[in-house]
Each structure stands twice: as structure tokens, then as C-alpha cells.
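Chain nomenclature is as follows: A, B, C and D, assigned in order of appearance, with residue numbering initiated at 1 for each chain independently.
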Amino acid sequence: MKKYNKKRMQVINLQQKFNRLRSNKIFETLVISIIIFSALVIGAKTYEISPGTLSIVRLLDWFITFIFLAEIIVRFLGEERKSQFFKSGWNIFDTLIVIICFIPVEDSELAIIGRLIRIFRVLRMVSLIPELKILLNSLLIALPQLGYIVALMFIIFYIYAAIGSTFFGSINPELWGDIAISMLTLFRVMTFEDWTDVMYETLAVYPLSWIYYLSFIFFTAFAFLNMVIGVVVNVLNDEHEKERKLEIQGKNQLTLEDVDKKIEELKGLILQNHSAHNC
Amino acid sequence: MKKYNKKRMQVINLQQKFNRLRSNKIFETLVISIIIFSALVIGAKTYEISPGTLSIVRLLDWFITFIFLAEIIVRFLGEERKSQFFKSGWNIFDTLIVIICFIPVEDSELAIIGRLIRIFRVLRMVSLIPELKILLNSLLIALPQLGYIVALMFIIFYIYAAIGSTFFGSINPELWGDIAISMLTLFRVMTFEDWTDVMYETLAVYPLSWIYYLSFIFFTAFAFLNMVIGVVVNVLNDEHEKERKLEIQGKNQLTLEDVDKKIEELKGLILQNHSAHNC
Amino acid sequence: MKKYNKKRMQVINLQQKFNRLRSNKIFETLVISIIIFSALVIGAKTYEISPGTLSIVRLLDWFITFIFLAEIIVRFLGEERKSQFFKSGWNIFDTLIVIICFIPVEDSELAIIGRLIRIFRVLRMVSLIPELKILLNSLLIALPQLGYIVALMFIIFYIYAAIGSTFFGSINPELWGDIAISMLTLFRVMTFEDWTDVMYETLAVYPLSWIYYLSFIFFTAFAFLNMVIGVVVNVLNDEHEKERKLEIQGKNQLTLEDVDKKIEELKGLILQNHSAHNC
Amino acid sequence: MKKYNKKRMQVINLQQKFNRLRSNKIFETLVISIIIFSALVIGAKTYEISPGTLSIVRLLDWFITFIFLAEIIVRFLGEERKSQFFKSGWNIFDTLIVIICFIPVEDSELAIIGRLIRIFRVLRMVSLIPELKILLNSLLIALPQLGYIVALMFIIFYIYAAIGSTFFGSINPELWGDIAISMLTLFRVMTFEDWTDVMYETLAVYPLSWIYYLSFIFFTAFAFLNMVIGVVVNVLNDEHEKERKLEIQGKNQLTLEDVDKKIEELKGLILQNHSAHNC
């Protein structure tokens, strides 16, 4: 029994050490530096490099992968409840990145996927710096809020793409061939990218097709404006909400009602006084 | 008499059944699925398909039309007061779409119109999902509010188009031929789409014509900015209004005036007390 | 004496008639219709028209000019104090437009200026519809407020144009020939119009010139953003100011201080009561 | 001792004179005029000019440099504590500009740098007009606030550039050759400048590469929107803060709590009165 306890104590001891290591500023800075360094290695690979340098880069790549493995093991061992570790999306993401980096990919097809995964290691920067994590989370939270406007925009796109491919499909199949290509062309029109070239082409056949383009630009611009205003109003409301809560906490929720009640009490007392005096 | 009543009861019974059906979640989901399916069929038609598949698509088309007819009949029979049914713009829209789909169009000219109508069936999605309905309504409500700015913008466009076609008409008739074409060209300039190509052409003849383009861009940008700000201020004011109303409801409209009045009453009582005491 | 008075009475009588006419809804609608009609005539002139139609258009032109003359005379005679009439910028503008339309211009050189003046008659619409007048005034009022940001932007443009024409002048004189042309090119870069074509050209000679373009885009985008935010904040502050004034008016300026004073009075009374009782 | 004092008095006298001169409106206007004039001289140099005019321009250049030197000496002598003078970034900037203008640069290589420095003299306008100084300061202050969003945007750019140069590098090395060129191409895509040309090229090889472009546009647009909203919210919060401070100062911090306390005092008095009466 004692032996087991001793062993358990050692485990807890180790865990606390790892936990301390994990929260250590120097350790954090080191890991961030390694990530930046790995990003630079990825960037370096896009330049033409001599075979000698390439082998050094490959060595560095393995070195980084091992460091990352070590870092995740430290983080995992530092976690008090092991089952909680894989409940965080960021931990799963980190582990996956490291595991995939270990899969030997020499085949030309898979090699590209391997390189892609290595690029995503840069995203680990986001998982390490809390401020960036908050920014990315706000993006993911705002997404469903904008859901209905995105749906409305998709319907507008779909209807216009269907009209476009029906009427203009024979004029320029490269732009209006089918509904998918038409939607891409409409996205191009929405970004104002050479949209007049697209229009002049169909204007030669259908002289009234400017109505199609102008109404589309109007609808998407309006939907987009609505989206931006929606986001701004949401943000401002959140700020107001925070402010109001702060005010309430600061003022201990004293309102005009409370003052009113006290005056009523006073009135009761004076009236009592009055009647006592009269009799 | 009894027979009539019995018949009437049956009618009301049926109506309630249809009404219940109309509000049924499963029925709603089914109709939305059918609309999405019909949208996919429309999209599929834009791809090149074999005659076999085409006949299947046509069959599906008729099937969807019949489902839509059934759905509108259910909605109509479910309505308590039949005369109210056609007062809603959305109901008229839905009925029109279904009726037009039944007109046999085999002629090449009309066939395109028939296909166009079928595309608008996707808009029925908006009439079924309340959140999308609200979004589209907000668009239609905001339109007249922006009326005067649109009028001002139209005047700016008209004056510049008149100047443009007067001076640049002989340089490039395709861009400045008449006042209508000039307005389209100016819209292009407003979206910054290859506007320098348009300018360099006229700059060769009139070296000062950059004033024309820059002043136009300035005026339209300012009018547009005004429009956006107007919309934002409107939205924020609406929010403030709502907030204030909520506050008033929550506080039962108790104001400083009420408290003031009560203090006046107290004063009166004390004075009375005072005088009673003195005599 | 009586004769003079009678004559004066007649003049006042006439003036009141003209004043009533001026404010008459039918008269206003008529003038606006004439302006819209004159705008259409101007638009019609930009199309190729037969000599017969042209002579009709010319006749209409003279007709409109006479109507405008009559309208201004009515407005002038309807004004109580004649000296005040030309203190309004809009009245001066209206009178100038009418006078210039009477100058006979047949010479090809001046004819174009004459046509230009006729186009500006459309702007009279703004002087007649109060809502448009307010919009245009808001534009003119906002201009000096934005003065310093415009000045800062001009300095940024000037410095970058000087650098641009110094370094890139020999690469492409059409874009960077002198400081004026360079500023036009930079405006083009600011609107993102084919700015990469401009950049790639200089990038071939100076590989670091991307810093020039990116820093310019950053500075102008920031200055522009500042401008927009400044306008929004101004507008919102104006709204708050209005709201606060309304609140003060509605509440007759009753504040917590007033309530505080009354409570002090009450205290005085009670204390008096107390002492009276005690002795 | 007296002699020293007299001398010191003379120095202080002179310093006060310079200080008065420095704050003199006419002196300030003169310096600003000289800067504007020097800006015009810089602009004039970009036009092709005859050797005669060139020598005049050179003379003017030296004249301006000497005026600037005199102005800085006046400002320096007018400063009470000499050590404080070089603590202001603007003073260092002004002095550096003047000193560098005196370095004789005839060599073609350095001549360009000399001309560049002369251009930056226009920036002295900013250091002289306080309103412009505030605007530029606000830019520099806002920069670190936006730090994390800029970092997030850089990570997005880096990852997409790494993916881009990995997959598209062989398709068009001019656009996707290495990670630096890819980032420039992505900036181009972000400004919507001929981005479809870039896309269509890669779409021919990888038919799904539209996902790459659309997701990139979405992410950067969202990050940019976040940035703008962040700035707007900051500005509005600052305004609110100012307003609240003004309110507090104006109202001597009287709150409902104070009124509440006074009512409590009243109650105490009345109760005392009551008990006194009862016994």
C-alpha cells in the first residue's frame, strides 16, 4: 500500500512539475520561437535551394517535429485530468498536426499533403497566444449570427446564377456555362472585378441585360451593408450591456423606486405623528 | 336546418384540419425540402444532360408543380377568412408562380419565360422562413427612406451624363454616345472598374477632363457615405427607441417628477402639523 | 398723398398675390414639372435627331427659358424686402442660369458653354425641393470640418508623388512624368484600379518599390477611415445633442439637485417643528 | 558677480525675444509659406526645365535651407531648457532634415537621396500645424492597438502564401514563385485587383482552387471588418468617457445615493420628533 502511495505521490509530483513547466514564461517563449522558426523553414522551402541546404532544412524539419511532440507530451502530462485534455478543440488540432508530421510521405502525391500539414503548424501560434485565440473565436461565434443574411445572399446568388446560365449560357460558356460557374462569375461581379467586360458581352445580345447586373449589384450591396450594420449594432449592444452591468454593480441597484418607497414611509410616519398630535 | 349545420361543422372541421396541417412542423419542413429540391432541379437543368435524364427532370418538374399546387390549396383551405388570403403579397406571389407553371410553354420564345418563372420558385423559400421574410421586408421598408438621397444621386448622374455625352460623345460613342449609355459608363466609373481607361481616352482630347472624373467620384462617394451613415443612424435610433420603451415599461414610468410631487405632499403635511401645533 | 397710398396699397396687394402664387402647391409642382421636362429635353439632345425634331426641341428650349424667367420674376416680386432676394445663394444661382440662357450663342465655341449652362438648369430641382437643399447644404457644411484630413491627405499625396516622379519618371513618363501626373496615378492606385500593372512596371527596375505602394495604400486607407469615423462620430454627437435638448425641454429641467433642495427645505421645517415642540 | 548677472540677464532677454518670435503669428505664417514654397520648388523640379531656370531653382533651394536653419536656431534659442529641445521627436526630425540638406551631394547615387530628403521637408508642415500633428499622432497611437489583428492577418497571409507557392508555384512563377511574391499576389487579391485573372489561371490546373481564393477573401474581409469595428468602438467609447466626465464635473457628483441619505436623516428626525411627542 505504501509503495503504491509513494508511486502516486511521485506521479503527482511529476505532473505538477510539468504543469509548472507548461505555464513557465520561458517555456512559452521558446515554443513560440520554435513555431516562428518552423514558419521560416516552411517559407525557405518555397525558394530554390541547393541540395545541401535542403538536407539541412529537412533535418530542421524533423527537429521541429520532435520539439512539438515533446511540447504536447509536456502539456498532456501537465494536465490534471487527462480526459479533459482532448475536449479542447485546440489540443486535438495540435496533436493531429504532430501525428501527421510523423507519417512518412515520400510519394509525390502525398508529399504535397504532408507539406500542407506542416504549413498549418503556423496556426499553432494562434493556439498559444490567448489574444489571437479570442479574435479567432469571435470570428467563429459571429458566423452563425450572420447565418440568415448569408442564406438570403445565397438565394440571391442562386436565382441570378440560374437566370444568368439560362440566358447568357450560349453567349460565353466559360462565364455562364452552368449554375456553379455562373455563381463564381457573379461573385466576380460583386467584387467589381472587370464586371463591365462581362456586361458588355451580354449587352450586345440582350440590350436590357444592364438591369440584371445593376439590380444584382444593388441587392448584394444592400445585403452586405445589412450584414455590416448588424455586426456593428451587435458589438455596440454588447458594449452597452457591459456598461450597464458595471453601473448596476457600482450603484448597488439603487433606483428611483427605492427612493420613492422611503418617501412613502416618511409620509406614513408624519401622518401618524399628525394624528397622535390631534388626539 | 340541421343538415346545413352539420355540413357547416364538417367544413369548419376540415378547415381546422388544414390549418393544423399548415402549422405542422413536418409539413413545413417537407415544403422547404421540396423547394430546395426544385432549386436543385433548376440548377441541374443548366448542365448538359442526356435526353433520358432530361425526361426525368421534366417529370420531377411536374411533380414539384403539383406539390406546390397542393400546398397552396391546403394553405387556402386552412385560412379562416378566405377574403384575407389574397391581401398578403406573399400569397399572391405564391399563387401566381404556381398558376404560371401550369401554362403549357413549348414555344422557344415563351419557354424561356416559363423557365424564368420556375427559377423564381426559389424565392418561395423566403416566404416560408419568417427570418428571411423580415430581412427582405427591412430592405423594402428602408427603400423609401433613402428616397431623397437616391434622387440627389440621380440628379448628379444625370448632369454628369449630360456633360459627358456633350463633350466626350465624339471621342468614344460606345461609352458616351447618348445620355443613357453615359449614365451606365458613370456607374462603371463609380465602381472604379477600369475607370482610368475611360479617363485616359478623354484626357488626350481635353487635358482638364480629370476634374470631371475626380469631382464625380467625390460627389458620389460623399452621397453614398451619407446614405450609409443615414442607415446606421436610423438603425441605432431604432435600437435606442426600443431600449427606452423597455426602460419605461420596466420602471412603470416613475420619474423625478413623481418623486418631486410626493415631497411636495410631505411638505404640505409637515406645514399642517406645524400650524396645528402652534395654535 | 392719398394717391400715393392707393398706389402703394396696389403694390402690396400685387406682392401678396405673387407671394401666394409662389407658395402655391400647384405653381411649385408646375415649376418642378418644367424642370424635369427641360432635363428630358437636354437628354433628348444627346441622341441623334432629325432637323425637324431639332427645331421643335429648340422651340421647347426657348419656351422653358421664358417660363423660368417668369418664375423668377414672380419669386422676386413676391419677396417683401427686395434687397434680401439676392442674399440667398440659390436665388443668385437661379437668376444667373436664366440670364446666361438668353445670351445668343451660335458660335461653335460658345455653343458648348451655352449647352453646359442649360444642363445646370437641372440643379434648380435641388433649389426647389427643400429636402434636397438640406442634403446639399449638409455636404457643403461637412466640407470645412474635413479640412485638416483633406490637407493631411494632400501632403501624403504630394510627398509620394514627388518621390514617384523622381524615381519612376524615367520608367514610364505617361504615369510618373511630372508631379501632377504622378498625383493622378496615385489617385488611381488609391482606387485599386489596375494598380498592380503600375507596380509590376516599377518592380522590374526597383525590386523594393512594393514598399512604396503598400505604405501609400496603408496611409491613405487609414486617413480615409479616419475621415469616415470622424463624420460618423459627428453625426452621432449631433443626434445625442438633439436628444438631450428634447429631454431637457420635456422635463422642464428638473434634476436631482432640485429634489435635493426640496428635501433640505423639509428638513428645515421638521427641525423648526422639533424645536418649537421642545420648548 | 554683477557682470555675470548682467550677461545672464542679457541671455534671458534674448531667449524671451526668441520665444516671443517663435510664438509670433507672422513668424509662423512666414515659415509655413516658406515650406509651401519649398514644396512648390520640389514639384517644379519634376518638370523639364531649362538650365537657366534650374540654376534659379537651385538658388531657391539653398535659400530655403538657410531659412530653415535660421528657424530651427530661433526655436532652439527660444527654448528655456535646452536639454528638453531634443526630447521632442518633431524637433529631432526638423534638425535632421536641415543638417542632411547641407551635406554636399553631387554624386548621381547620393543626389537622389538628397532630393528625397528635400521632399520630406514638406512633412515639416505637419510639425508646424498642431491639428495635423494631432491627426498623425492618433495614427501612431492606434497602430499598437491594432497589433493583434495585424498579427492574425499576417498569419493568414503567411499560411495562404505558403499553400499558394507550394501548389501554384509551377503554374506561374511570376505570381507564386516564392513565399514573398505570393504574399504580394495575395495582397493584390485582397484589393480585388484583377484577382479573377489570377484565379482562372490556377483554376485550369486545380478545378477546386476557387475555394482557396474565396476562403482567403472571406477571412481577410472579416479580419478587416473586425479592425474597422474595433476602431469605431474605441472612438465611440472615448467620446462616451469624455461625456461622462463632463457630466460628473457639471453635477458635482450628486447621485441618488446622496438623496437617499438625506431622506434617511429626515426619517431619523421625524422619528425623534414622534417619540418626543409621545412621552
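A few notes on this one:
As a convention for this text, a contact is a pair of C-beta atoms (placed from the backbone, for glycine too) under 8 Å apart; a residue touches a chain by one contact, two chains touch by 3 or more.
This one's a predicted model, so the numbers in the text were calculated from it and none came from an experiment.
Residues touching across the subunit C-subunit D interface largely differ between the two copies, under half of the numbers being common to both.
The chain with its Cα centre farthest from the Cα centre of subunit C is A. One rotation lays the C-alpha atoms of subunit A on subunit D, and its angle is 90 degrees to the nearest 5.
Annotation: 30 Å between the Cα-based centres of subunit A and subunit B.
Centre-to-centre, using mean CA coordinates, subunit A is 43 Å away from subunit C. Residue numbers of subunit D whose C-beta contacts span two or more other chains: 192-194, 232, 236, 255-256, 259, 263, 266, 270, 273, 277. If you sketch which chains touch which, the chains form one closed loop in which each chain touches exactly two neighbours. Every pair of chains in contact is given here: A-B, A-D, B-C, C-D.
In the complex of the two chains, the subunit B residues touching subunit C come out as 148-149, 151-152, 155, 158-159, 162-163, 165-167, 169, 177-179, 182, 192-196, 210, 214, 217, 222-223, 225-226, 229, 232-233, 236-237, 240, 255-257, 259-260, 263-264, 266-267, 270-271, 273-274, 277-278.
Subunit D makes touch with subunit C in their complex at residues 39, 42-43, 46-47, 112, 115-116, 119-120, 122-123, 125-126, 129, 131-132, 135-136, 138-139, 142, 184, 187-188, 191-194, 228, 231-232, 235-236, 239, 243, 251, 254-256, 258-259, 262-263, 265-266, 269-270, 272-273, 276-277.
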